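Below is one structure, written out as structure tokens; the observations come after it.
By written order: A, B, C, D and E. Residues from 1 in each chain.
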Amino acid sequence: MSEPVKIVEKKPVPPGAIMLYGLPDVGLVGLIATSYIISELDLEEIAFVDSDLLPPVVVLHEGLPHAPLRIYGNNNFIAAISEMAVPAAALHPVMRKLIGWGETKEAKVTISIGGIPIKNRQDIKEPEVFGAATTKDLIEMLRGKGLKILKEGFIVGPQALAMRYSAERRLSAIALLAQSFYNYPDPEAAAIAIKTVAKITEQKIDVSKLLDKGEEIRLRARDIMRRTQQELTRMKKSQEYDIPLYV
Amino acid sequence: MSEPVKIVEKKPVPPGAIMLYGLPDVGLVGLIATSYIISELDLEEIAFVDSDLLPPVVVLHEGLPHAPLRIYGNNNFIAAISEMAVPAAALHPVMRKLIGWGETKEAKVTISIGGIPIKNRQDIKEPEVFGAATTKDLIEMLRGKGLKILKEGFIVGPQALAMRYSAERRLSAIALLAQSFYNYPDPEAAAIAIKTVAKITEQKIDVSKLLDKGEEIRLRARDIMRRTQQELTRMKKSQEYDIPLYV
Amino acid sequence: MSEPVKIVEKKPVPPGAIMLYGLPDVGLVGLIATSYIISELDLEEIAFVDSDLLPPVVVLHEGLPHAPLRIYGNNNFIAAISEMAVPAAALHPVMRKLIGWGETKEAKVTISIGGIPIKNRQDIKEPEVFGAATTKDLIEMLRGKGLKILKEGFIVGPQALAMRYSAERRLSAIALLAQSFYNYPDPEAAAIAIKTVAKITEQKIDVSKLLDKGEEIRLRARDIMRRTQQELTRMKKSQEYDIPLYV
Amino acid sequence: MSEPVKIVEKKPVPPGAIMLYGLPDVGLVGLIATSYIISELDLEEIAFVDSDLLPPVVVLHEGLPHAPLRIYGNNNFIAAISEMAVPAAALHPVMRKLIGWGETKEAKVTISIGGIPIKNRQDIKEPEVFGAATTKDLIEMLRGKGLKILKEGFIVGPQALAMRYSAERRLSAIALLAQSFYNYPDPEAAAIAIKTVAKITEQKIDVSKLLDKGEEIRLRARDIMRRTQQELTRMKKSQEYDIPLYV
Amino acid sequence: MSEPVKIVEKKPVPPGAIMLYGLPDVGLVGLIATSYIISELDLEEIAFVDSDLLPPVVVLHEGLPHAPLRIYGNNNFIAAISEMAVPAAALHPVMRKLIGWGETKEAKVTISIGGIPIKNRQDIKEPEVFGAATTKDLIEMLRGKGLKILKEGFIVGPQALAMRYSAERRLSAIALLAQSFYNYPDPEAAAIAIKTVAKITEQKIDVSKLLDKGEEIRLRARDIMRRTQQELTRMKKSQEYDIPLYV
């Protein structure tokens, strides 16, 4: 294999869709939210990522093997998730490939979903979602939808590279960051993030089933949360608590 | 050597055979089962794997050197085994090469044999075998033969990549996973796996000799079991106990 | 990405400007000074550095993502800063790229700003700035402006490579080293360095705001100071205390 | 240097000779035996191995520098020895190069000499030598000369690769393994190995001087023995004690 | 930079000169001796070595930056020194480049100067210098000049590679090894080495200033000695104490 990362398409991929990213990160907010959207919108598996940089793992579903990092879609939405923590050493090439692939599919806008850790999460009933984006127009759009903007700070990990590579290619990209636990799967934060996605994309998505299954998801997500944490440390994720010196 | 892994053919390799894989893994189920099948069906050594990624080892048999990772066959079956734990760093290129080679030999179907660890193995008299496969037709075929399907879960290691690379090339591949010990060679689990192979391939294979020699095999396999264990840790094999979040 | 480091230009880059470098180093003198100059001269962001050798980080400013290592400019000045410690393993290719890029932009002169650690820094009211340069004419010019010359010693890190690669390409380059703390952000040292830049470039720059905000900057810079320190150790920065044997 | 390992010829190398290998291994049996043969047959230095994978070392002899890994020969014998433990990371390319080079020189047969550790070595007066070979004819020839054959087992290290690469190229190769100490230089085992070489090649070699100088050699070889041991561990030499599962 | 190591020439390099090497090694004998010769013969800086394998360091002299590994010369002598310990990982390519470069400059002979550690150095008033060389004629010449020859033993580090690469290209090369301290800069040993260089090259060099400044040099060289020691360990320099088994 000459390319370090490749995307294998299993079905035709519709052009001009909205792309969602939900890779394992703080509180698994992005992964839980995106998985739920895939299920609610009944998106079909259309492609997956193959790379020697990823561990030798497959996920079985009804006895059929699936790559842990895979892409779903219908005519309006394309969504990428990973059921396996992406090793820090694989993050740059994987994200570059995904964003580049999205460009060839003429994605309308890229929305990456993640968490932003806050220390007193347990005291907060309704976590807030903050937005960031690659253009001023998108920032204004987010503000128009009632979203708070994350004005200053560092983003580290999958969302950072989604933003960086999108900006480099002058693509429209949004990052949504919901206040969340750092080390515990946070379905409530995911539910708030989904509501924000729904508002932005004007796609109705009912989060009631997610909230009902909160406890079950927390349990099922415990293992991937533990593995994700190790990679976050390698990515120096703790830098997100840093104050930038920005001019 | 420009290629990192190469397969050296010593005899002509028949096209259209059934390919069996028995690489060192949990309980050495695959290795014990496949070795026994090679012996029972009197398969001949036809090829071996050479790579700088593998340690500097040869196995002597009647004073003649053999590669630890080698391939046997007759007109109906081709079987690959390794008498040496495959280093985690070599697993991707070795498996990709093997599956690619199987494709050029027009293998009818690939059956990789392995174990699935269960905690109370010592309390189980007759371990069960679970199946997974790259197509729905194969799943149905396995169900038709009375096999249970491993519906949800992770597979990690040689079998994971056998499935992944087969699926990618749209090849027919089956994974058989027999309940087994994690760290002890498990000839009984291997015997059950062989019976399942016999049922699927409609090839009569008598396992009585294997069961008779159980204690002897457990002893002879102790060393390779110990070395295999170290590589399983590197492959994050423990992830097989994880619950996937699958949408 | 075939190149390990690339510079992505967002706006046209004026030729013939004076280039300033302020990468994280001892006391963050260069970073604080250069950031302040960017702000005072109202330089615009014109380019940034992208590389897989840098961690997966973006800095948000008003909700828009920025590369941590980026370049500002107007018709007279170009200034490069990094809000992230540059990993030791990335320093050679990053600096080579920056200096080579400066050459293609026909930079008039390169001024890299840094600190030189002294042990009794807290006892010194007005730190001194020492100069070094790639040509005797520049040394004379610096002397003419009243600057002391750092006659003997080692320079280690970003400034060392800025000097080395400039000398190799026969480019005019100056290093300014202000006496500073090793491990604490030192805005006072930065202020003195800025005054020296102002004198050399005959560009009026008022440092009063920097001195007023001293305490705030020290706080904001604490995090990047901590991360910078780790990389300084990897670069064997302690060698700067060594006495050279020079013939 | 584009090739990782190269062989530099200092004198013309005769075609069709018998090749002996004595690289540092268990008990230094091969090195001591081959060095002694070189001396007794008065072989001349004809080539040496150069590689960045080998440490920066030369051996002086009468004030002249020699590569530690070098090749001697006359019209009938070519012999390769190393006075330096070959680093585990260099073993594959070094052995592949040596065997490939031997093929271009049309070596009649390759005899690699080594030790096979036994625990009660000190209780054995006359160690035994076991043989292995790449063809059945050679095995029969060895048996005809009264040699025991090592029927089952692992060989790890230089001899393993000598056998593997010879078999791959369908070259005639023999491995001789004398019972020896693992960690102590064993000139007595070397003497027995030499007698076996003499028998096989029908070349008279008197071992009396070797036996007389036993104590002196043990002392002189102590240093290289210690360094060899570290590399044996890296090659997982302990695997030679393993029982293979061979079908 | 495609080449891992390159030599940048600042002035025309005269052909046919005598080349001296004084890289940091045991007791810094070579570095101190060669630096002193450069100063006494008033050699001019003519070239330097650039490589990403070397740490990010420049040495200032009168405020001008110099590469730590640089080359001086006049019409009769060329001398290479390094004011920085050469990392073990850079030694092979750096020495290969230097020797190859010397060949293109048609160096008449290469003299590398170093120390050979002896345990009771403090009890020795006048250390001895031993010689080694790439040809028998040179050995005879050294003997004719009254030098003792280092008949048997290992040389490890810069001098080993200088000898090895010179021998490989059939170039005339001499190694001078003065008895010295292992870990303390040894100007007295350097003075004796210089006298030997003077005798061999028939170039008058007065060492009185070196002996007068002994204490000062010991102090100035303390830092580079400490850093050199770490690299010597990585090169397995301790092997020089080993007794070779030489046939």
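In this text, a contact is a pair of C-beta atoms (placed from the backbone, for glycine too) under 8 Å apart; a residue touches a chain by one contact, two chains touch by 3 or more.
The structure displayed is predicted, hence computed values, not measured ones.
Visitor: Just to be sure I understand the contacts, which chains border both chain E and chain D?
Guide: Common contact partners of chain D and chain E, which must touch each of the two, are absent.
Visitor: Any chains in contact with both chain B and chain D?
Guide: The shared contacts of chain B and chain D amount to nothing, since no chain touches both.
Visitor: Distance between chain C and chain D based on Cα centroids, please, to the nearest Å.
Guide: 58
Visitor: What whole-number Å value describes the gap between the mean CA coordinates of chain A and chain C?
Guide: Centre-to-centre distance between chain A and chain C: 36 Å.
Visitor: Return the residues of chain E touching two or more other chains; collapse runs of consecutive numbers into ranges.
Guide: Expected reply: no residues.
Visitor: What kind of graph do the touching chains make: line, ring, star, complete, other?
Guide: Looks like a ring, each chain touching just two neighbours.
Visitor: Following the ring of touching chains from chain A through chain B, in what sequence do all chains appear?
Guide: Starting at chain A and heading to chain B first, the ring runs A, B, D, E, C.
Visitor: For the complex, which residues does chain E have touching chain C?
Guide: Interface residues on chain E, with respect to chain C: 1, 8, 31-32, 35-36, 38-39, 50, 52, 55-67, 72, 81, 83-84, 217, 219-224, 227.
Visitor: Using the touch definition up top, name the residues of chain C that touch chain E in the complex.
Guide: Result: residues 88, 91-93, 95-96, 131-136, 139, 142, 149-158, 160-161, 163-164, 167-168, 175, 235-236, 239, 241-247 of chain C touch chain E.
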